[in-house]
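Written out below as C-alpha cells is the structure these notes cover.
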Amino acid sequence: MSKDRVEEFQETRKRLNDIVMEYAQLETKRFFSLDSQVYRAGALSSKMKELMGLVGSMVLRCDDCITYHITRCFEEGVSSEELEEALSISLIIGGSIVIPHLRRAFETWDELMKKKVYRV
Amino acid sequence: MSKDRVEEFQETRKRLNDIVMEYAQLETKRFFSLDSQVYRAGALSSKMKELMGLVGSMVLRCDDCITYHITRCFEEGVSSEELEEALSISLIIGGSIVIPHLRRAFETWDELMKKKVYRV
Amino acid sequence: MSKDRVEEFQETRKRLNDIVMEYAQLETKRFFSLDSQVYRAGALSSKMKELMGLVGSMVLRCDDCITYHITRCFEEGVSSEELEEALSISLIIGGSIVIPHLRRAFETWDELMKKKVYRV
Amino acid sequence: MSKDRVEEFQETRKRLNDIVMEYAQLETKRFFSLDSQVYRAGALSSKMKELMGLVGSMVLRCDDCITYHITRCFEEGVSSEELEEALSISLIIGGSIVIPHLRRAFETWDELMKKKVYRV
Amino acid sequence: MSKDRVEEFQETRKRLNDIVMEYAQLETKRFFSLDSQVYRAGALSSKMKELMGLVGSMVLRCDDCITYHITRCFEEGVSSEELEEALSISLIIGGSIVIPHLRRAFETWDELMKKKVYRV
Amino acid sequence: MSKDRVEEFQETRKRLNDIVMEYAQLETKRFFSLDSQVYRAGALSSKMKELMGLVGSMVLRCDDCITYHITRCFEEGVSSEELEEALSISLIIGGSIVIPHLRRAFETWDELMKKKVYRV
C-alpha cells in the first residue's frame, strides 16, 4: 500500500525537525518543549486542548499545523461531529478565507476515518 | 459605583450593533445569526465552544472579540485554571505578539472575578 | 459644535504625518506617494478603487485605514447600499473577527450621513 | 492537450467540496451559501464584487481564493488593465509580502488570456 | 510635568503584567522568560536584535510591541537614521496597512528624542 | 547534478517576474524598484537589513520571501549562529504557527551550507 498524505506529512516533519535541531540553540529548543507541554492534560483534557489547537491553526490558516492537530484529535478519540463543530467555529471566526484550509482539513480527517475502518 | 470596563464594552457594543442593523441587508444579518448559532451546545458544550472562540480571538488578536468571549466563559462557569490553560495555548500558538492581548484578557477576567466575589 | 470622530481622526493623521516627514528618507516618501497614485482613476474609477481599498482595510482589520477609505468613499459619492455591499463582502471574507471593525465602519458612515443631512 | 493549472484547481476544489459536504452540518452549509450570495449583483455589479473579492484574497494572501476570483473576473469580462489596477492596489495595501501571490495571480491570468486567444 | 505616552505605557504594562503573573502557570511564565532571553546579545548585538524585534512588531502591526521595542532601541543607542531604515523596511514588507503604526512609531521616537535633548 | 530547491525557486521566480512585467503598469514597477532599494546599505549594513527582511518574512509566514532572504543572507556572509538567532527571535514573536516555516528555512539554509562545503 502506498504512503498516504498523513504518513508523508509525518516523515517530512521528522526529517525537517532533525535539521532544525542540528542548528537550534537553547531558546529554540525550549520553545519546542513548551509547545508540547501546553497540550498536556490539566484543568482541560488533552482532547479539548487539541481541538483548541486546531481552531487556532485554522483561523491562522497554517496547513501543517492543521494536519498535525487533526491527527492528534483523531488519536484523542474526537468524533466526526465534535470535529465538525470545532471547524465550523473556525470558519465563522475566520471567514471564507479559511475555506481552502477547511477543505484540506476534512480531506485529512476523511483519510484518517477510512484508514480506521479498514484497520478495525 | 462607576461603570467598569466590561459594562462599557457591552453598552458600546449594543449601541453600535443598532447602527449596523439600520444599514445591514440580508447577508450581513444572516452572518450575525450564524455567529450566534455556532456557539450553541451540540456535540461540544457551550463552555468548550466559548473557550475555542477565545483561542481563535486571541491568536487573531482582536480585543473586542476577546472581551466578549471572556465574558461568555465567565457566564458558562469556566474556572480560572481552565481559562489560563486556554490562554497559554493561545500564547504558544500566537507568540509574543499575543502578550498585549493576554494582559488585557487577564485584566478583564480579574475584573469579573472580583465582581463575583463582591456580589456573592 | 464639538469636533466629531472624523475631524479628530483627520487632525491626528495630519499631525503625525508631519512627524513622519521630519524623519522620512527617500524610500518612505516614495511609498507614501505610490499610496496616493494607486487610487487615481484609470481603467477603474476612483470610486471603485476606494471601495476596493475599503475591502482590503476591512479584512486586514485596520481601523485608521477603514476610517480613511470610508471618508473617501463618502467624497466619491458612494451610496449607503453600495457601501453595505462592500462591507458585507469584507465580512464574509474575513469572518466574525471583522465584526468590531464593521461596527466602527458603520458608526463613521452614519456620522458622515448625518452631517450631510444637517449641512444640506 | 494536458490539463492546465486552472482546470486542476477546479477539479481539486470540486472533489474536496464533496468531502466537506459529507461532514458539514447546518452552519457550515449556510456559510457556503452566504459566500455565494454576497457576490451576486446588487447596488454593485458582479464584476466589481469579484474584483473586491480578489483584493480581499490578495491582501490576506490566499492562493486558492485568488485563483477562484481571477477565474470569476475573467468570466465577468474584466480587462487586463482593470485586473492590473486591482492587483496594484492590493500590492500597495499588503506590501512586498504580497508579491509571491501577485506572481501566481498574473500566471493564472496569463493562462486564461492565452486560452481565450487560442479558442476564439 | 505631566506623564508622557511612554511613561503611561510602561505603567500600564507593569500593572497588567502583575495581574498576568497572579494567574499564570508554568508554561506562561516560561514563555515570558524566553521572550527576554531571545533579545540578549549573542552572535548578534542587543541593538540589532531590538531592531529585528521592531521590524517583527511593525509588520504584525502590534502598537504595544512597537512602543516597547522603540523604547529599547532608544536605550541601545540606535540613531534616527538606523531607526528610519528599519521602519522603511517594515513599511515595504507590510504595505500601507502599516502606515498608521509607522505614524505612532515615529511619534514615540520623536517624544524620546525630545526628552533626550531636554535632559542633556 | 540535479537542480536543488534554491535553484528551482530562483527559476520560477524569474519566469513569473517576466509575466508580471508584461502586465505591470507604473505603480507596480515602482513598488518592485522600492523593494530593492530599501535593502541597500545605508546607516544599517545590507547584511543586517537582509536579516530584518528575514524576520519580517518569518513572522508573516511567507515561504517564498523566506527562501529569498535566506539566500541573500547567505550571500552577505551571515553565519549559522547569526541566522539561528534571527530565526529564534522570529519564533518567539510569531509563536508555534511559525514552526513549519522555521523547518523549511533551516532546510534551505542547510542546503546552502552543504553546497558551500562541496564547492570550496
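List of remarks:
In order of appearance the chains are A, B, C, D, E and F, and numbering begins at 1 in each one.
Note that in this section a contact is a pair of C-beta atoms (placed from the backbone, for glycine too) under 8 Å apart; a residue touches a chain by one contact, two chains touch by 3 or more.
Source: prediction; values computed, not measured.
Any chain that touches chain A and also touches chain C is listed here: B, D, E, F. Of all chains, the one whose Cα centroid sits at the greatest distance from that of chain D is E. Two copies of one sequence, chain D and chain F, touch each other mainly through non-matching residues, since under half of the numbers at the interface are common to both.
Of all chains, A has its CA centroid at the greatest distance from the CA centroid of chain C. Chain geometry summary: the mean Cα position of chain B and that of chain C are 27 Å apart. The distance from the centre of chain A to the centre of chain B, with each centre set as the mean of the Cα atoms, comes to 24 Å. Centres computed as Cα averages put chain B at a distance of 38 Å from chain F. Chain D has residues 25, 27, 31, 34-35, 38, 42, 56-57, 59-60, 65, 81, 84-85, 88, 91-94, 96-97 in contact with two or more other chains. Viewed as a network of touching protein chains, the structure reduces to a complete graph with every chain in contact with every other. Remark: chain C residues 61, 80-81, 83-85, 87-88, 91-92, 96-97, 99-100, 102-104, 106-107, 109-110 touch chain B in the complex. Chain D meets chain B in the complex at residues 25-27, 30-31, 34, 37-38, 42. Taken in their complex, chain D has these residues touching chain C: 34-35, 38-39, 42-44, 48-49, 51-53, 55-60, 65, 79, 81-82, 84-86, 88-90, 92-94.
Chain F contributes residues 13, 16-17, 19-20, 22-25, 27-28, 31-32, 35, 56-57, 60, 62-65 to its touches with chain D in the complex. If you check the complex, the residues on chain F that touch chain B are 59, 91-98.
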